[in-house]
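The structures come next, written out as structure tokens.
Look at the two complexes coming up: subunit A is in both, with subunit B in one and subunit C in the other.
Up next, the complex of A and B:
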């Protein structure tokens, strides 16, 4: 491989990291505040994809605008789900079996509603950007991936601003850090949980809308993204938005380069060995196990610890 | 009313109910019909294909019953077919237990079921256990038929044959002078039994025909992957002339999209059995032009019986049969009916013995004959289609079924 090939791979990995971060951040928000591992996240991604598709197909609304419109729509949807189901869960500092089962069951319901409404056909969004690329010499950047990357980065920056600057963001961070202390100083933990669940759902819907530009989707859409979201939030730190971006970057770089970089290998003399492409998911999950063993609070936790020590 | 007379009344009622139930069972088992079990997914992820297969079976049953049913020699009369249908919801455990239920509680004479390899594998353990003939019209992995089962039959040619036919067709392009000899082939397939069988078929043909092609890349990728840029980089680095993949629909669409975005180009592209699907053409438009696919059946097959099937199917369901799903199921039911008639009995073992050696002439499938090989799996040739501009699809191989010339190399 030439240097240009590596540069092409690096660009692909960066674009992929943006997509991964957008899809994982909603799950992190919900886990951070409520300690709920939201298995229905895959269902919200799927509904977000169909939401963008329907707006595009029926009203010719640009899918990126559709994804942005998914934010308020899924915020309200999340409020509804919280009111109907999630608020009845017992409060806990750690993930509970009842919350896992509830969200898994709700995911199954969403999936079957998807089958009833849209059937099993694979839907896609075809725009003039779909198969076109920006070409700079031998470097090629898919336009649609670039647009999705930009939208994902803007949304993450926006979320970070909300977390740092707004009253709601500060109350979220206080509940993430210590829910009891937050209550003592007057934070309404019920309201914060409700709004956090809605915000997490909104970001899942938004990410689903963006993913619809890149992948075909059926009601079964979501599981591969759900699994990667777990890896990302464990890598980045289970409760950190900036950590999610870092986790997504590490996962994307590892997945992309692991099968294209030769390893020295000894077999009747030294030779170079390329990891087969089918091992790509195994690499991701080795990363997950290592992160859980060595960095239980993720890379963000490690950096925070170093900063405090300094 | 005294308590003792009440007890007597309850006892009489219970005896009467039992009598009615026993008579009912006796009545139901009296064989004035032939019960055929059908277990397919009409809900869940495989619902679309499962529904088409169900319709294919039901069309065949309707046509057979319209002629009075199947003549059974030992009964000296024609018996109508009664379908016992269960939806497995695309769930392996459910599929297996429903097949068992049909074979035991419903005591069906034979069964058709198992759309897609995982569901077919789940059901395939039941036929020998309950000595009931079972035909799958939707599972083609060789693994199902390599376990020595006697009552298990498959109406789909193996995936190995799919790979073999693809390579054979490419070889014919070399012979016609459309491609040069010694071209380099990159194979990137999904990491499943399907992908493995496909690669084995291609490699087998290449091994038997030295000098035609050279394999420079043989890779597998994650089924339902989220990104193919790293895999495509490997393809680019391999500097191959021909790109062959084997993928299910979502991976085919995503990979071909990224292939085009990366600006790759090969003299021939194929995604195994994927290519002409309307969903892919909607997703990528002209980006799917010239892609080759090896298929079990196409509604463009020029055989008169295939065209009659298309007409009958449209009349029955108001839409054309999508892809091959309904056709293989239709022929699975027809060969089963033929085997029952030839056996002249409803004895399941005798029907199984006839199924193993019978031939359905006038089959809709390529070659026009359906029969099962020594392992129970059919082995008819595949046909090769090529997408052409303006949403046109041509059969390009074999020659006797071709509806248009192959375009190679891709412009």
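Up next, the complex of A and C:
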């Protein structure tokens, strides 16, 4: 492994982190405001991918534009889902079993509707962008990853602006911090919950559209990304956008470097050993369990604690 | 007269609780002799296997309130243990014991770290454990990796032997579940479900209780996996370790009535029949149906089918006599529901 190789790996990990963050942030918003572990997130990601695909295939709309169009579409869809299902759940400060199972049931419905509509065949979106890459000396970056990264970062910055500058964002943050106090100062928690759920769904659809540019997809597209989203929001401390970015970066770095970098291994003398690439999914799940156990409040929580005690 | 009615009524109720299951067991045991069609026997066999796993999950998820999305780990490990032991020339029944032992071992390995987590964090961690196990099993050489493992058992295929094994194990599972549910240990588990801190304050050790009930649940699920593996004669990680398997195991008690022994059995029976019949006739929509059913149950009848039956029975009873006396068996059979309470 030369320095250039490491640099290449680092760049690809950074690009991966962008899309990971966009993918996980919708889940964080919903968890933060409503304390619902949204298992249907996987279904929304899947629908987002097919949304971009159908627009591309039927109307020849650029898939990046398709992913952006998914934002308003899935916003409305999320409001519908909230109106139909989520608002009937009992309110709680902590996640409830009923919310977990309800969203799981809805995920199953979405996934199987997906099977009915699109079948089991894997689809992918191929554009001229997909196979071209940007070369700078020995460093090469796929253009499609760059575009997806840019779209993801712009969307996250926009979300951060909404959270900090708009009344809706302020009411959302107040509900995240303390729902009762928020109600006392006049925040409509029902409306905030509805809009937050819609926003989370919108981001899931958007991220699904972006993911469709990078990976082939089937109606069973969601689970690996759902689990990665979990890892990210757990690492990030469950309820902040910046925490999500940090969690996504850590996951992307771990996934990229764990299988591409040899580590010393003893068998008949010291040699170097590559973790087989097929173990890559296990890496993120092990990271999930470790993160849950060691960092119950995420890395942001850890830093905050250090700060307070220091 | 009215005073004399009550104890006899309670006694009758209790007798029914003991005799009805026994009667059911005897009928099921005699059925093969009465000329059961091969297809029906296969259906009953599958149903019994699912019921065992359902009862196992219900102990941890229903009784102690710890929702696990990772029971495919035990099911799969049980299946692989039985497979490897049968191929090594051991008796299949001894192999089932081995399955239970390995599953218990795995339950400790998983439970020791993850039971330090609460509620949803435990549930999420079990998803991670389950998926990691599947990935690892996909890559292990000695068990055939992702391409699966074939079980070679000499002699002719005897469906009746498989049927009786599954039936016996299901009866065992019902027995164990009833004993645990009715014991002091079961009471402690219910206390943990309702309020872990309050339970700890009155002298229950939540961590240890969860570990033990996890072990019992894992043993039952491992046996179910072993029985299935011996019957199927071919297993692969994408089947027995699949996330879908974990989900199926979780769905059964929720459909039937979470936290109750008969709910778990009812859920297992319905799931087994629906799975077998629907997969054949409508391969595309059976999961759609489960998803919809789950949504309806959560929104309208969190107690599942048992809750629905109870509601119907209560209405019927109220009409015949005007007494709202509490059922003495409610403690034993666990009146518990999915309220908007902490997981």
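In this text, the second predicted complex is superposed on the first by the 289 of 310 C-alpha atoms of A that agree within 3 Å, B and C clash if a C-alpha of one lies under 4 Å from a C-alpha of the other, contacts with A are read in each partner's own complex, and residues count from 1 in each chain.
Just so it is clear, a contact is a pair of C-beta atoms (placed from the backbone, for glycine too) under 8 Å apart; a residue touches a chain by one contact, two chains touch by 3 or more.
Only a predicted model underlies this, so the values are computations on that prediction, with no experimental measurement involved.
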{"item": "Overlay on subunit A: subunit C relative to subunit B, clash or fit", "value": "clash"}
{"item": "Partner chain in contact with A:122 - subunit B first, subunit C second, else both or neither", "value": "first"}
{"item": "First, second, both or neither for A:140, with subunit B first and subunit C second", "value": "first"}
{"item": "Subunit B versus subunit C as contact partner of A:106, first or second or both or neither", "value": "second"}
{"item": "Partner chain(s) touched by A:276 [first = subunit B, second = subunit C, both, neither]", "value": "both"}
{"item": "First, second, both or neither for A:190, with subunit B first and subunit C second", "value": "neither"}
{"item": "Partner chain in contact with A:228 - subunit B first, subunit C second, else both or neither", "value": "first"}
{"item": "Contacts of A:85 with subunit B and subunit C, given as first, second, both or neither", "value": "second"}
{"item": "Partner chain in contact with A:215 - subunit B first, subunit C second, else both or neither", "value": "first"}
{"item": "Subunit B versus subunit C as contact partner of A:260, first or second or both or neither", "value": "first"}
{"item": "Clashing subunit C stretch [against subunit B; choices 62-70, 188-196 or 278-286]", "value": "278-286"}
{"item": "Shared contact residues on subunit A - subunit B and subunit C", "value": "112, 115, 223, 276, 278, 281"}
{"item": "Contact footprint of subunit B on subunit A as seen in their complex", "value": "1, 5, 8-9, 12-13, 16, 112, 115, 119-124, 126, 130-133, 135, 140, 142, 144-145, 214-220, 223-225, 228, 252, 255-260, 274, 276-278, 280-281"}
{"item": "Subunit A contact footprint on subunit C (complex, rising order)", "value": "65, 67, 113-114, 116-117, 119-121, 123-125, 127-129, 131-132, 135-136, 138-139, 243, 247, 254, 284-285, 287-288, 290-295, 298-299, 302, 338-343"}
{"item": "Complex contact set, residues of subunit A against subunit C", "value": "37, 85, 88-92, 94-98, 100-102, 104-109, 111-113, 115-116, 223, 227, 230-231, 234, 276, 278-279, 281-282, 285-286, 288-289, 292-293, 296"}
{"item": "Of all residues in subunit B, those that touch subunit A in their complex", "value": "43-48, 188, 191, 219-222, 224-227, 229-231, 233-234, 236-237, 249-250, 253-254, 257-258, 260-263, 279-280, 282-285, 287"}
